[in-house]
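Think of it as A, B, C and D in the order they're written, each chain with its own count starting at 1.
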Amino acid sequence: MRYAYLGPAGTFTEAALLGVAGAREAERVPVSSVPVALAAVRSGEVDAAMVPIENSVEGGVTVTLDAVATGTELRIVREALVPVRFVLVAPPGTALSDVRTVSTHSHAWAQVRGWMEAHLPGAGYVPASSTAAAALALLPGRAGEAPGFDAAVCSPVVVQQHPELEVLAQDIGDNRGAVTRFVLVAPPDAPLPPRTGADRTTLVIPLWEDRAGALMEILEQFATRGVNLSRIESRPTGNYLGEYFFSVDVDGHIHDARVADALVGLRRVCPSTRFLGSYPRADRKPAAVADHHSDGAFRDAQAWVAGLQDLGPRGARPVGEAPPGTA
Amino acid sequence: MRYAYLGPAGTFTEAALLGVAGAREAERVPVSSVPVALAAVRSGEVDAAMVPIENSVEGGVTVTLDAVATGTELRIVREALVPVRFVLVAPPGTALSDVRTVSTHSHAWAQVRGWMEAHLPGAGYVPASSTAAAALALLPGRAGEAPGFDAAVCSPVVVQQHPELEVLAQDIGDNRGAVTRFVLVAPPDAPLPPRTGADRTTLVIPLWEDRAGALMEILEQFATRGVNLSRIESRPTGNYLGEYFFSVDVDGHIHDARVADALVGLRRVCPSTRFLGSYPRADRKPAAVADHHSDGAFRDAQAWVAGLQDLGPRGARPVGEAPPGTA
Amino acid sequence: MRYAYLGPAGTFTEAALLGVAGAREAERVPVSSVPVALAAVRSGEVDAAMVPIENSVEGGVTVTLDAVATGTELRIVREALVPVRFVLVAPPGTALSDVRTVSTHSHAWAQVRGWMEAHLPGAGYVPASSTAAAALALLPGRAGEAPGFDAAVCSPVVVQQHPELEVLAQDIGDNRGAVTRFVLVAPPDAPLPPRTGADRTTLVIPLWEDRAGALMEILEQFATRGVNLSRIESRPTGNYLGEYFFSVDVDGHIHDARVADALVGLRRVCPSTRFLGSYPRADRKPAAVADHHSDGAFRDAQAWVAGLQDLGPRGARPVGEAPPGTA
Amino acid sequence: MRYAYLGPAGTFTEAALLGVAGAREAERVPVSSVPVALAAVRSGEVDAAMVPIENSVEGGVTVTLDAVATGTELRIVREALVPVRFVLVAPPGTALSDVRTVSTHSHAWAQVRGWMEAHLPGAGYVPASSTAAAALALLPGRAGEAPGFDAAVCSPVVVQQHPELEVLAQDIGDNRGAVTRFVLVAPPDAPLPPRTGADRTTLVIPLWEDRAGALMEILEQFATRGVNLSRIESRPTGNYLGEYFFSVDVDGHIHDARVADALVGLRRVCPSTRFLGSYPRADRKPAAVADHHSDGAFRDAQAWVAGLQDLGPRGARPVGEAPPGTA
């Protein structure tokens, strides 16, 4: 197995990938961006890619949401939750009072702003393409020019891999409960993960009209089947202001009758609805399903209708119908 | 074939029955009430019964709505529309100015009140069990006591059958476009009439809670599938004030995918929903169906979901899933 | 005060009227029909009329529902609940075994059918214009022709007023909990009964389209304000099959903010909505109202919006707006 | 007047600000981030701040959406639309074939990726804090260290201000119709811009439950009043995954009756709803309003209800009510 992930080594994404059974022994290919990771899946260069999809503080990872919504279809086959903890690192011998400029990814910077204002109020910010890239640039003995900044904000994973970095402060995120959700993305012919009772299904639903009514029509497809939404994000299609698609997670698996039935309804009212996969929830929280939305309720109701339909004409002449040739 | 109908001969119900192909040659059994007619169907004494279900002026015929909603199941297999025209009849030699008292069924009386106030303002009313019964009591040479009234309001059919009656006035209904809808009711194993594209389906739906929300949940099952309601009537269950069931006609046949799907949804949220039949509309008006509610749209959407479900595990190990024995 | 009621003396309607404070001392005018009673209110001949509006077994009293829905506006100012108990009466000296024919109003006949089948299986039925009229025709010494039947089904009130009648059986209704609701109807300038916290509001709402969607739009006006429906009945407008209006009772008073707001919404989407009155419930059951539908919630939200609106221009030039003459 | 804007000079944000009447003559304060700009408004340091809120390609500007949704209230008083055109600039004398590395803001980079792959396929990317900052670093004679990259992607405004920059390519955005919407944000006591008939209202609505039903309840408040949504974005509250608020733009002004009424409803069901302002649309496109959602329809319906309420008790004793002391 070959897995792509948003690199370099030491990112939160690699931490997510290492939680996948067998990934430590598999080939792991760091790539520079989510589109590159997904392109590698689409081309067959790798078997799957681990990419971030949402963060409890920053929200949806729009580059991922957009990349899976368009182009060749893909399937999410697994999710992972990684707590987001930040450390401040510097070259050996640096003291906190020496730090004038700090580099990291802009999302990480947004999540440590409170700590920075309290402890390094005057520090300048230098953008980086990833948290790990910022930290790695500080490694002693690294070839090339000076990094242009004094310290970096990164994941503790980098320090495990590079103990020579000086850790100036631990756990500096403003929100201690912050967590990022990652998804493992495979080609569309990947086997569907089996239903566990605690599953999630991810969908892409274009909004065909800029009206409250159109969005309500989508939501009704879920509500009338008792399907709960655990995430809904609107994204522009890129064509013009006010044209959206929705990226949605619902509780349940496409093998759950209520989810399958909602998908049939959605696909009818919005034929470009895209299915991105059903897979077990990382938190193993089972879906709450009312009796009348259960598989049993669907089975019974479908059997009732099928039984009624079967009374249909099989040669017998219906009551009160003219015999042939008399009408 | 044996047909029961609300008698005696000469009622509007008999007129409806005579429009059924073959009914003129069949055995026609006049009965005294709708419950008696339906009991004859349930006992197997007759093959089907013609009964009134709604009138454009008076509304639903509650005795019929209630009788088909409870007890052994029945099936509506055909409908008939009969224009409601009234004539005023009397024994031979009677003049309009002679009339002091008039008899007819109370529903008919309600529909000629305007004419009566204009032409016979002081006339007394004597209730009768049917329009035809009132008229037949006036026949000359009829044995027994005097009828106790001078004239009767009835259907023109009576005059065809008994030309000796004097017609004092024609077409005396206040509403010239008045029409009554009748249904032919058969046992539940009657063959389902074939779909024609201009069909009606009749349902009984108990309301499980006295809330706007519960009724909306029922209506949503139709609305999300584009199923139009052509009649909705609330009826008390008879248990206590505020407990209702709904008697509903929808456009379409149970062999239409959108109707079948709505029935599955209804049966789930309200397991005591009762199906009273799918049958051709008497006015042959085809249902208007949007593309995304057509059979094709359902077929395509169901095939799409089934295709996605088929990727489910058949021995293959899903991507990122631990091999057996490693978890 | 003069009150009209559906007579003659001894009807259930008179029993309802006698429960109104002061009615025993007032002038009570028995009339022959609901339309006549309401015409007397409209003409000013009486101050109010007591008429039946629904029965727990038979459903809405359609003649009342239709008569208040059209013509000059009227106001319901009070309701009364009367348990429906039936007795079988006959001339003095009659035994049950002597009874061959029974007369009563057709609604009463429908409610004693079970008892009749059990105790007088072969008895013929003679329609009457009211239960009391049937019973009074049996009074000994009454002038005129023989009544044409042996016994009558009526209210126990008749027996109180005419103890000379023989009571052959008591409490013969098939449904022991049966109850009829009556309403006291006054002219439209009648004072609005004060809010008690346990009130009912009655409305007439024409359905402007034969679609599930139109009915849902009506119901949403109630549902979004947390207004509960305690009765909903569809009635034909009389114009053609499939054209309806709804007669609706909701919990609450027009002085409740949630009811007033729902009425504003209804009147907008359906300008021919008719208000038939707010009045105390006879059962004094208070309405259940969620916090966010309470008067306080409306007052707070309206104050919030009004405060925001008040920032509107009063001479000040808005930020970023061109000074006069520069655009 | 003092205006803050996302600097440095030459950004698209400055272009938006320069379109405001009087802004060319006013004091314009470039700041380093949206939070800094809004803090300057909140502290009173500036009168208003111009910040980006959404882009037709990239979607909502999350830092702005989040910053206006929390903290002291603010008001949007104006919007501006700026077409997004990108140029590739370099120090004088540079040829396209010399370019190995390109710097710009990450959002801009996302929007020129197609052009880059076609014309500079191997070029490395260096993140910058703004498009203008990247370009300015290339200015000849600028003090300090080398910029670390060969070219920059920026707005044509920079070139107008710094004609010494070499323009290597014009209009290199992948989406030629791309546009960014900016809003001018003022303190909450800023006068409300007058209604023009082509207005927008911006709201922040917390979702109190992770259910399709809760979102539908919000949307119904708009739908039942015919208020159209032109933008809806979900944002995490930052507390935990699955907790959202919605940032919404609706067509209309708080002085439009339908918008005011929807706000009353929203505020009831969701008391922490936040109003961010009503202001003229930059595209001057008037709202389409059905008759029954017009100000006139609201006025008529409210007058009708108020008239009915006024019949309430003013000393008169309601019909059928016991006189004092008799109950």
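In this text, a residue touches a chain if its C-beta (ideal position, glycine included) is under 8 Å from a C-beta of that chain, and two chains touch if they have at least 3 such contacts.
Model, not experiment: these values are computed from the prediction.
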Distance-maximising chain from chain A - centres being C-alpha averages: C
Distance between the centres, which are taken as Cα means, of chain C and chain B, whole angstrom: 26
CA centroid of chain B to CA centroid of chain D, Å: 57
Geometric centre distance via CA averages, chain B-chain A, whole Å: 54
Contacts with 2+ other chains: residues of chain B: 220
Graph class of chain-chain contacts, one of line, ring, star, complete, other: ring
Full enumeration of touching chain pairs: A-B, A-D, B-C, C-D
Chain C partner contacts - residues on chain B that touch it in the complex: 35, 54-59, 62-63, 81, 106, 110, 125, 127-129, 145, 148, 175, 177, 179, 181, 210-213, 215-216, 219-220, 222-223, 227-236, 238-242, 244
For the chain D and chain C complex, residues of the former touching the latter: 1, 20-23, 47-48, 77-78, 184, 186, 189-194, 217, 220-221, 224-225, 254-255, 260-261, 263-269, 271, 275, 292-293, 297-298, 300-302, 304-305, 308-309, 311-314, 316-323, 326-327
